[in-house]
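The following pair of complexes shares a single chain, chain A, combined with chain B in the former and chain C in the latter.
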Partner chain A sequence: MRQTAATRATLIACQLLLAAFVLLPFFWMISVSLKPATEPFAIPARLWPEDPTLANYVTAFRPEFRTYFLNSVIVSGASVAITVSLGLLAAYSFTRGQLLAVTALMSAVVLAQMFPHSAIIIPIYRMMRAADLLNTYTSLIAAYVSVTLPVAIWMLRGFLMKLPVSLEEAAAIDGAGPLRIFWDVVVPLARPGVIATAVYVLIVTWQEFLFALSFTSTREMRTLPVGLNDFIGQYGIRYGELMASSVMVSVPVIAVFFVLQRYFVAGLTAGAVKG
Partner chain B sequence: MTRKDRWLLWIFLAPSLGLIGLFLYWPMVGTVIESFYATSFISPNPEFVGFDGYREVFSDRDFDDVFWNSIAWTLGVVVFQNMLGFLAAMLLNQGLPFRGVTRALVLMPFVLPGVVTAILWRFMYDPQLGLVNSLMIRTGLASETSAWLANPDTAMAAVIFVAVWKGFPFSMLIYLAALQTVDRSQLEAATLDGAGPLRRLWDVTLPAIRHVILVNVVLTLILTFNYFDIVWVMTRGGPQQATHIFPTKIYETGFGQFRFGEAATYGVVSILVLAVLVALYVIVQAGANRRGRRT
Partner chain C sequence: MMAAVELRDLHKTFGAYTALERLNLEIEDGEFLVLLGPSGCGKSTTMRLIAGLEEPSSGDILIGGKRVNDTPPRDRDLAMVFQNYALYPHMTVAENIGYPLKVARVPRTARADRVRAAAAKVEMAHLLDRRPGELSGGQRQRVALARAIVRTPRLFLMDEPLSNLDAKLRTVMRAELRHLQKELATTTIYVTHDQVEAMTLADRIVILNDARIQQIGTPKEVYERPANTFVAGFIGGPPMTLIPGTVTADRFTHETGALDLPGQPDGPAIIGARPEDIRVTAPGAGDLDGTVFSSELLGDATLLTVRVGPALVAVKVGPDDGRDMDAPVGLSLDRAKLHVFDGQTGQRRD
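On to the complex of A and B.
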């Protein structure tokens, strides 16, 4: 579309303003994480420390932090693997099954993503306590897999619906059984959908707070979001360390997102725009 | 899949449906049951009280606060998140230089963990050390520093602002994808007819993506109403209940005070509010699907 030079300049300025609005807090987080503990906060604030140092990172990477990090990796990793596997199986049935019951169940699955976690957490807590699973990885993984499955199934179904049935039919004519077809034809073709869904599950579980806060009771079992929340009290106003920890919590998920965002954006918007 | 393989469909579905049933549907029933019982820290054994719990909660002033806070919070976040998201999408749809990079960078708050977002902004709002006060004084918007989160008059607005900052990239992403489906030839025809940018937006673009906007607004209403982490980490529902919404109130009552029955009562009320929103979602979505088939 034709634009005058003045319109174009205004629009570019708006785009810069938008980027600044989004990025300023990130910049501030990194700046403070690099500020030596001895350098005082000034009013008005200095945007960049005089002598940047990694000292805050060294201090913040204490044994507790490493424990939380490992716990988060285990819980998120297992949740991603289980949700994507179970979700793909279910999505396949929801795509290829022509039964009326299957359609009705899909509506029930979509509905479940809207349930308020705060309202259902007490019965889940009681179930976990009855099964003696509180303060274990299992309780968190079970909760995370359940709450991420609805959206995962919905995303994967969006991908599978675009795959041509003819490939599966051709494999069937060649004498392949249904399991063989699923494994050799469907799974490889569904790869972009699997990646998009895995990124979604990772983003959700890496930051999950409510279940982790309620189900874990010892430092050995805390995940990063809960551990970070504890740090607020423990560190007082040692903001340098707090920001260094925050950066270390955020970098893994932001890095994964940037590498795989192409898949994720396609997966998320395909279904949302189509309706 | 052939007719005789139907059994396999059900085997593929079983684990997912089992987990969703056990950990999402059954607890919805469990919360309703729980709300008819009373428990406290002193008497942890549930005692049946029927509707007494509801009467108590409804006559409590806290309930009114939580209810109206939740409405203000949800509407505030949804309105601003969608408006900002839409404007940003329009902007990134103009074919300007660096729009790909900008889009990727703008998505960062969406990926930033909620607890990190909350801690970062607590710090941004800090009356002594925070960047917000510093910038406002430097640009002349304020003459003295304010404790945004400690003041009951500003705390809700401050928390809404953070949720909008974190949430608008998601809306932007959806609207950007929707804008790219708008028929270019119709836009060009409107331009030839002498329609300015606002006319084109109103007469061509908005009608074309109206259903996407509606569905997305209702979906963000539901997700925002259920929000917990940012509010809890930033304010714990304070100061003086000014930011207590259903999820924070439920958590505090249940896991802070071990009054599970009362927490469940709040839970049931929040489920009823959501039921209204979900009904709205179903209606809007059905309308969108009908429209999708027509065009």
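On to the complex of A and C.
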């Protein structure tokens, strides 16, 4: 489609506006995190601190933060690994399996992702209590896997359906059994999908608050989103430190996203079959 | 290793659609057999059944005398070249060619030697570190071929392996394939819809249409004695001209004329003549009269298309015998090489 200069300028202006709208809260978060304790409420409000300081970061990076961070890494990391592994196996059987029940099962998967967290948190809480798993990593990981798995299956299935079946047939003829085909051919080719799904699970679990708050009762088990709550006290909110912590919480996810975003674009199947 | 293949009453349906109807076929050890037919005739289904990628609805598949219906593809000891090559995009050329050996747990050094040997056979030894995405269509095709020959299977299956190549490369690869197959002496089943490919490659051709075998024979046999009007029209380029009419008292009458046809029973009949078996005469002096529709110089010959009544008749003449468009001409059919088919069934009469 040919674009005139005017259309292009309008499009770019719209995109910039949208970007500004989306990025403003992030900018504000960074700005507040760099302001001295008195400045967030200064009138007139400043977009950028007059005298930027890293003092908030120093205070925010206390031992508890490190514990929360480690807990988040363990819980999110395990959730990503388990969800993606189970999701890939399930998605593969939903894609290539010849079960008559595939459609029904897939509908169940879609249905499962429609329940809001708040609707399932009480039954899951009771199950965890009954299993004596409250205030453990296991409780959070199990809950996270159960809420992210349906979407993960759905995403991975979309990727797998695009893989040419002839590659798996070629491997079968080359002597490979089903598991070998899955490992040698399907898994490497599904890598962009696996990474995209992993990033999705990471984002969801890294920022999850409700389960983390409900299932953990001690500081030693808290994750970062719940930890941020520490700065919200009965008599006031320590905005500078809260925002500094928020920046530190966001950075890993943003970094992962930037490093891996090429996988969303690059098609690994290029050259596999004549297109 | 003996690898004769036998198909007994092989039948395949997909839901209500019959892809293959009670096919019986014997393929000899070392033979180059081509399955030829238009799209949807069942040729690829036959190959996929032999490979084990589809299960027959009924009937038996025997390889080397052993029934393999329930044997998974990996245990049938065959190699297949896919129409779209099906190279593993995440592996290098060397890894692609070596994959069957890796699966078979051939030690690394032996594997490397055999990969190099197979790559050298298809002149790809200098590109072993490339990935399929960095290769041209012809090169990918060669890699697919090398992957097939690297482990000397007892049976090669090739599913239109040349159809994605340009015309020039296809001619070169055709000759190489034929040479390679004779050198390796491995039983080969080759699927194509290109009759030139079938004629040039095959020891025997099986012509399929509508899920059924129409004729089995050597290229010479199917060309010279087509079993029915389908085969007559399918084999040969340009195809045989078929003229429907009626035989009455040793004379064949058709829409635009008549000719003597001794020894044929009375009733509807179809006569056929190859382009090279028709001579151009003065108008009124031949068996048919028409006007020149087009005249194409092919280099070593000229292809005249003559409009006779509603039909177009292809005639091959010398390179200097081209005619002007709309020029009136007569056509004389070589009686000795005339093909006669039943008017109702389309089956060959003699």
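Rule of thumb we're sticking to: the second predicted complex is superposed on the first by the 237 of 275 C-alpha atoms of A that agree within 3 Å, B and C clash if a C-alpha of one lies under 4 Å from a C-alpha of the other, contacts with A are read in each partner's own complex, and residues count from 1 in each chain.
The criterion applied here is as follows: a contact is a pair of C-beta atoms (placed from the backbone, for glycine too) under 8 Å apart; a residue touches a chain by one contact, two chains touch by 3 or more.
Predicted model, so just to flag it, every value in this text is computed and none were measured.
Of the two partner chains, chain C is the only one touched by A:Pro188; chain B is not. Legend: residue contacts after superposition of the two complexes on their common chain; A:Arg180 is shown touching chain C, with no touch to chain B. By the touch criterion stated above, A:Ala143 is placed in contact with chain B alone, chain C being left untouched. When both complexes are overlaid on chain A, the residue A:Leu160 reaches neither chain B nor chain C.
Once the two complexes are overlaid on the shared chain, A:Ala170 sits against chain C while remaining clear of chain B.
Within the superposed three-chain model, A:Ser250 lies in touch with chain B and out of touch with chain C [touch as defined at top]. By the touch criterion defined above, A:Ala119 lies against chain B but remains apart from chain C after alignment on the C-alpha atoms of chain A.
When the two structures are aligned on the shared chain, A:Ala196 is found in touch with neither chain B nor chain C. Looking at the superposed arrangement, the partner reaching more residues of chain A, out of chain B and chain C, is B. Once the two complexes are overlaid on chain A, the chain A residues touched by chain B in the first and by chain C in the second are 172, 268-269, 272-274. Those residues of chain B lying in contact with chain A across their complex are 1-2, 5-6, 8-10, 12-13, 15-17, 19-20, 22-31, 33-34, 88, 91-92, 94-99, 102, 104-109, 111-116, 119-124, 128-131, 133-135, 137-138, 145, 165, 169, 173-174, 176-178, 181, 187, 191, 211-212, 215-216, 222-223, 225-226, 228-229, 232-233, 246-248, 250-251, 254-255, 260, 263-264, 266-268, 270-271, 274, 277-278, 281, 285, 288-289, 292. Partner chain B is touched in their complex by these residues of chain A: 1, 3, 8, 11-12, 14-15, 18-19, 21-26, 28-29, 32, 41, 43-45, 86-87, 89-90, 92-94, 96-97, 99, 102, 105, 108-109, 111-112, 114-124, 126-127, 142-143, 145-147, 149-150, 153, 168, 172, 178-179, 203, 206-207, 209-210, 213-214, 224-226, 228-229, 232, 237, 239, 242-243, 246, 249-250, 253-254, 257-258, 261, 265, 268-269, 272-275.
On chain C, the positions that touch chain A within their shared complex are 51-53, 72-74, 76, 78-80, 82, 84-90, 99-100, 103-104, 131-135, 137, 140, 147, 157, 164. Residues of chain A that touch chain C in their complex: 164, 166-167, 169-177, 180, 184-185, 188-189, 191, 268-274.
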